[in-house]
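Alright, structures below, take your time with them.
Same chain, two partners: chain A is paired with chain B first, then with chain C.
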Partner chain A sequence: MSQLQIPLDQKIKAVYLFIVLHTMQIGVGIAGYPRLVFMEAGRDSWISIIVAAIVLHLTIACIVFILNTHKDTDLHGILTSWFGSFIGKLITLVFIVYFFIMFLSVMLNYIEFVQVFIFPQMSSWFISAALLTLVLYAVLGGIRVAVGASIVFFFGSIWMLGLLTEPIALLDYDGYFPMFEADMRAILEGAKITSFTILGFELLWFLYPYIHDKSKVHRYSQLAMAFTIAMITVITMVSIGFYAQGQLESKIWPLLSMMKIISFPMFERFDILAVALWMIIILPNLILLAWMLSISSKRVFGWKQKYFLYLFVLIAFICQYHFDNRHYVNMFTDYVGQAGMYLGFLFPFLLLPFAIYKRVKGKKKANAKN
Partner chain B sequence: MKRRFKKSCYFPCKLEQLEQDLKNQYFQASPDLASKIIHHDGKRCIVVFIDYLVDKDHLYDQVVGEIQHTPSWDHETFKDTIPITGSKQHTELNPIGDELLEGAACVYIEGEKDCLTFLIPRVEKREPDRAETESLIFGPKVSFTESMDTNLNLVHKRMDTSSLKVEKFVIGNTVPTEVRIVYLEDIANGDNVKELRDRLSVLNVDDVLDASTLTQYIEDNSYSIFPQFITTELPDRFCYSLKEGRLGVLVDKSASGVVTPASFFSFFQTTEDNYTRWNMGAFTRLLRIIAMFISITLTPTYVAALTYHYEIIPDALLVSLGHSRTRVPFPPLLEALILEFLIELIREAGARLPTKVGQTMGIVGGIVIGQAVVQAGFTSNILIIIVALSALASFTTPSYLMGSAIRIIRFPLMIFAGLWGFVGLVFSFAFIAIHLVKQRSLNRPYFVPVYPFQPRDLDNSIFRIPFLHSNKRAYSNKPKKIQRFPKPKKPKKSDIDE
Partner chain C sequence: MRKTNCLGIILSFFILITSSSCIEPNIIEELGIVTAYGFDQNPDTQEIDGTVVLYQFNPDITDASQIIHSSGATFDTIRANANKQSGYQIVNGQLQTLIFGPTISEEGIFPYLDTIERNAAVSDMLYVAVADQPTRDLMSASNYEEAPNIGIYLHRLIETAVKSEVIVSSTFHEFMRSYFRVGLDPVVPILTVEDNKVEVNAIGMMQNDVLVGTLSMDEIFYARLLRDRFKEGRVELTMNLDDFDEYITQYVNDPRSEDDLHVVIDQLGSRASINVTDTEALNFEVDIKLNGRVIELSQRINLDEPGPLKKMESEIERQIEENLIEVVGRSQELGSDIFGFGVQYNNATRGQSLTTDDWHDLFPNINVNYNIDVEIKRFGIVQ
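Then we have the complex of A and B:
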């Protein structure tokens, strides 16, 4: 049970981790993030980002270290072999619940997005049905299609970053000065906000056994983190410089509001298309999360992955119907953030001593054999 | 077929008896079974054949003529003197009947213990002609014909190498048809060959109509709208693909060759891209891909923008658009559907009609209906431009099947755009993207080089770079030999004036 036997044609190249982990981190959150971090750390948000980035890179290093201790198995396999089947299943279940709430929160946030910006009248169940159809269709194709879809959607949406040149041309550099105003507590609060936004890298726990060339896992996951950090830094800095004093705080989605000024000769308001296109930014999140939910449930309960996929899609649809309310959306988002602090950032460091112990023991054994 | 005769005791018999038996027992009194009796030295000999299946020149010159001029009459001498390679000796009636059906002439000397057959089939075939559906401006124009011999000859002439391997299959229970796999042994991937061989050998159908029908039996996903194997009528495209490490399939009685594995972007290539200079080739290749994109998006965007997102249209355009739409009684979706339907009607009518009438059809459809439709207030002027543009763009796709697929998926896209605006549009694009990622061609990924991401293959699929720099075959076909030729040494960099 702890070792996964995965056929070679189901494995993916480590390079894809770069895109997969990055797309997992970027979702609806990025549109509202500049405001949130600015409200905490003000002009010195970049320091918060740097603090969060350091923690993030350390966490990734820690996760990869633990995963490398046991080749070819995921978090469930590791926990099972260390603490026994019960604890292994329990913690995997915790992760499943956590990822499921993340799934819901991404979906609900996008629905709100569409309703606020384009179609106030469009019913939520319809948007969620559309999203879930795509998720179902992709995940039924297995890991390769899930990853492949993320990569195609990444290429389909990353060009929007280039559109920021228009606001960049209008930056007011006075907005960045004076520097180093915020106190330590504000910086840390900002870093905490940042860490909510960059959650999603935990998927590595479950994706690891499917990677073909394990030696490159560390390199590409760190690169993905660096890319995400660079991206949110650029977006935050542009937002701070672009908006006048007091404006940034009043925009719920500063990134989208910024896109209002982007226009082409035949296309006056880009933000409308951007909101629709945001679907392909969040779809990788949903697809990969649904894949993880179904495969991990299979690992825990041992039924067919297909049934779990149908089950989760159904539950998500029902949940969406029940929690279609701004209040719940915020609540879910907060839950995910809080849980992410522990499950994403703290949890790997808790496992670290065990991994070191195993490695030392393994080395001793190897030495004894020699 | 009735087996009424005991083995090896039919001959010897009377000539008339043989003819009667063949006619009645085997051919159900067919009027086309012809025969000729020749007398010589008191001996009698009969030549039996089916009138329309044998080559008359061969029959009279080489079979009947030789028999008349041969002094001593026995089967051994006949075999030597008659210069036809496919001769057989039979002692039963049934195999003779089968041979006659394949175009043989049966020769029997009265009193002998067996019977000779000579294979002289008459094959109606046309000479290789100019390509009709995939026309090239620049490059070889010859196309495949309906004859397997001619097609194999065309391929072999183009690739005069010993590594060209041809494997024969016979498929079809009712009408057995010859199918050949053609590939370059030292380049094509062994797994691909094995997969194709497996698929052909497990195929159990009554009849293979044509190469394009065969692909529908053996392709990976029959439910997809996108073709997964390339069907081409150009031998040079066929051979070019073989040299790239793909496999070819030729089907008897079919004027097109099949190439596999194919990727989505390979349907937008022509060999002409290689014949023209690299910058032009790269330009046209990109042009086709952009045209495909335009063809899919333009009308749905119009529908979405006019139904829900007026704010994206610039003011100046909005005025003229509103002006031209004031008299249109339909919602944009219906308007676009009517016009697209009209275009499809004109296209289909033009394709069905004889060429001369077809041209009139184009004029009637394009100018008269187009003008009248706008004046009658059925559609806006701008939509006419958009629909015409996207129809034009869809015809740039070199592969007819892919072009049709693109034209057809426009309709669901329009409907989605009309119902849910840009959200519907992005939804359908996401669906198509997932679908393309899911697709496989001969178990190889279909959407390369986007996924699996192969930056090295971009120059073979989406654009093109000078040949001296692209000395590798496409990685995605997994050829045995990746390098086409060693990379030339770079000349020493010299100063401007030296």
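Then we have the complex of A and C:
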């Protein structure tokens, strides 16, 4: 039960992890993140990011270590073989709920972008129907389509980072000083906020069995994390220099607001296009989350993956219909962040002792045989 | 696999068909696009009088612009009320200039800016300006060159001045940034009507969002010198001719004034830094490095020799220092720190949270020392 038999034609190369994990981490959160971290750590936000980055890299190392203990199985398989089927199913179920709320939070946040920036009259159900259709289509194609979509969308959106040169030209370097004013508490609060933004790497727990060359998993996951950290550092530092303190604190989405100043002769307002293009930033999130949700449900309950996919899409559609205002969007985002602290960062370290124990035991066995 | 493809195609067609009816269309010929707003406080009522400059994109109309006057308590009500007088739907998406009349700029303009920041449809790059007369009069000036309407003319006017480094840029974003930054006050261009044509004739020094004083076009140079960097600026200085007596190759009778020597420097590059030397005594030191070329001299002086060139440079340094002392002194009297001394003070006093009000109390008491270093790189194609 714990070993997954995955045919070779469904496996992906480890190098794709770089893009998949990175796109999972970068989503709607990044648009509002600079303000949130600034409100906690102020000009010293970069220290918070460094703190969060260290924790993140350690966490990834820990996850990969645990996964490497068993070849070819995911989190569910590992838990089942260590603690029995009941606990395995229970914890996987917790992850399913967590990923589902994350899925909803991404979708609701994006709907809000569209309504605030482009089409105030566009109904929420319509946007969610459009997104969910694409999600359905991609996930039904299997893991390779889901991963392929995130690669295409990654290259379709990464160039937007280059547009930051325009705000960079307007930076006010006085905004960065005086440095080192934030106290330890503020730095840690900022790091906590940062950790919410960089969630999404937990997908590795479930993607692992699908990786073809397992020896490279660690390298590419760490690279993906480093890339994400570099990206949010740049975005945060540009926001801090671009806006004065009170200004940054009042912008809900500093990143999108910064795009407001970009203008081309034939395209007056770039932020409109940016919000539209944001769809291809969040689609990989939604696709990979939906894939993970359906595949894990299949592992827990044993029905066909397809049925679970339809079910989740339907529930998501109904949920967005009910939670359609800023209050709920915030609430969901907070829940995901809180849960992510434990499930994303704490959980791997809880499993670590068991993994070490298993490895030591495994070695002893091997020695005994010899 | 084929089955899923089919499903996808059917669903995408469904979405294409439904999407065309989901969003309210904005047909450009039916829109009245606002390019500029002018605001005045009405002394009789509690309301604001707005002047709205509209523009229509319609090839059939020859005179595609109009000006509508409306009033209301809020910015958006003014827009809505203006719509009562127009068959076009009035939208703010192309707003380029916001002008406040004297009645508002003396009371504070910040309350009117909220909706600009809140509304995602409005660009952050519009210019904020202040008029020295009611905006209603200002915007009815009928000479606006070849621009389609006065709103676009105003935008071009300010933009040209900013690009040629004559005034300090005050886009909405920059205005808000200086407003929110502790220890820096915003500046705005001041518009006036001369011969039925609008011109920029000064910049206004603000204390927070209240206009407290103005700087003439000559004085703007000194504000900009400390606040910004010049890349290709220009300055005219008047010197005492006696100082250069020995160097003048051939004296020409100057009808402008007999004792003055006029020097114009252009291609001026500058780099200024404000440093705090003593936070207790509020002592500041300003280092300015300037370089440029002499483009006009009212008397022929041979600048090719080190003597007159050194003399010229040191005279320019002295002149600039004198003028700086005067301009900074005036802004201290008015309590408007448009140079950013407060920003540096705030940076130097770690751990002490300075507020804008604190700084406005301290600013009049600061002492500034200037170290100016001028380098004349070239002096044209004559000696």
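Just so it is clear, the second predicted complex is superposed on the first by the 369 of 370 C-alpha atoms of A that agree within 3 Å, B and C clash if a C-alpha of one lies under 4 Å from a C-alpha of the other, contacts with A are read in each partner's own complex, and residues count from 1 in each chain.
One rule holds for everything that comes next: a contact is a pair of C-beta atoms (placed from the backbone, for glycine too) under 8 Å apart; a residue touches a chain by one contact, two chains touch by 3 or more.
The structure displayed is predicted, hence computed values, not measured ones.
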{"item": "Which of chain B and chain C A:Gly148 touches, first, second, both or neither", "value": "first"}
{"item": "First, second, both or neither for A:Met122, with chain B first and chain C second", "value": "both"}
{"item": "First (chain B), second (chain C), both or neither touched by A:Gly302", "value": "neither"}
{"item": "Which superposed partner A:Met266 touches (first chain B, second chain C, both, neither)", "value": "first"}
{"item": "Contacts of A:Pro7 with chain B and chain C, given as first, second, both or neither", "value": "neither"}
{"item": "Which of chain B and chain C A:Ala130 touches, first, second, both or neither", "value": "both"}
{"item": "Touching partner for A:Gly156 - first (chain B), second (chain C), both, neither", "value": "first"}
{"item": "First (chain B), second (chain C), both or neither touched by A:Asp174", "value": "second"}
{"item": "Chain C-contacting residues of chain A that also contact chain B", "value": "119, 122, 130, 133, 137, 141, 263, 268-269"}
{"item": "Complex interface listing, chain C residues touching chain A", "value": "1, 4, 7-8, 11-12, 15, 18-19, 22-24, 93-94, 117, 120, 123-125, 173-174, 176-182, 340, 343-344, 346-348, 350-351"}
{"item": "Residues of chain A that touch chain B when the two form their complex", "value": "13, 15-16, 114, 118-119, 122, 127, 130, 133-134, 137-138, 141, 145, 147-149, 151-153, 155-156, 263, 265-270, 272-273, 275-277, 279-280, 283"}
{"item": "Partner chain A, residues of chain B touching it in the complex", "value": "308-309, 311-315, 317, 420-423, 425-427, 429-431, 433-438, 445, 447, 450-453"}
{"item": "Touch list for chain A against partner chain C, complex", "value": "116-117, 119, 121-123, 126, 129-130, 133, 136-137, 140-141, 170, 172, 174-175, 177-178, 180-181, 243-247, 250, 257, 260-261, 263, 268-269, 271"}
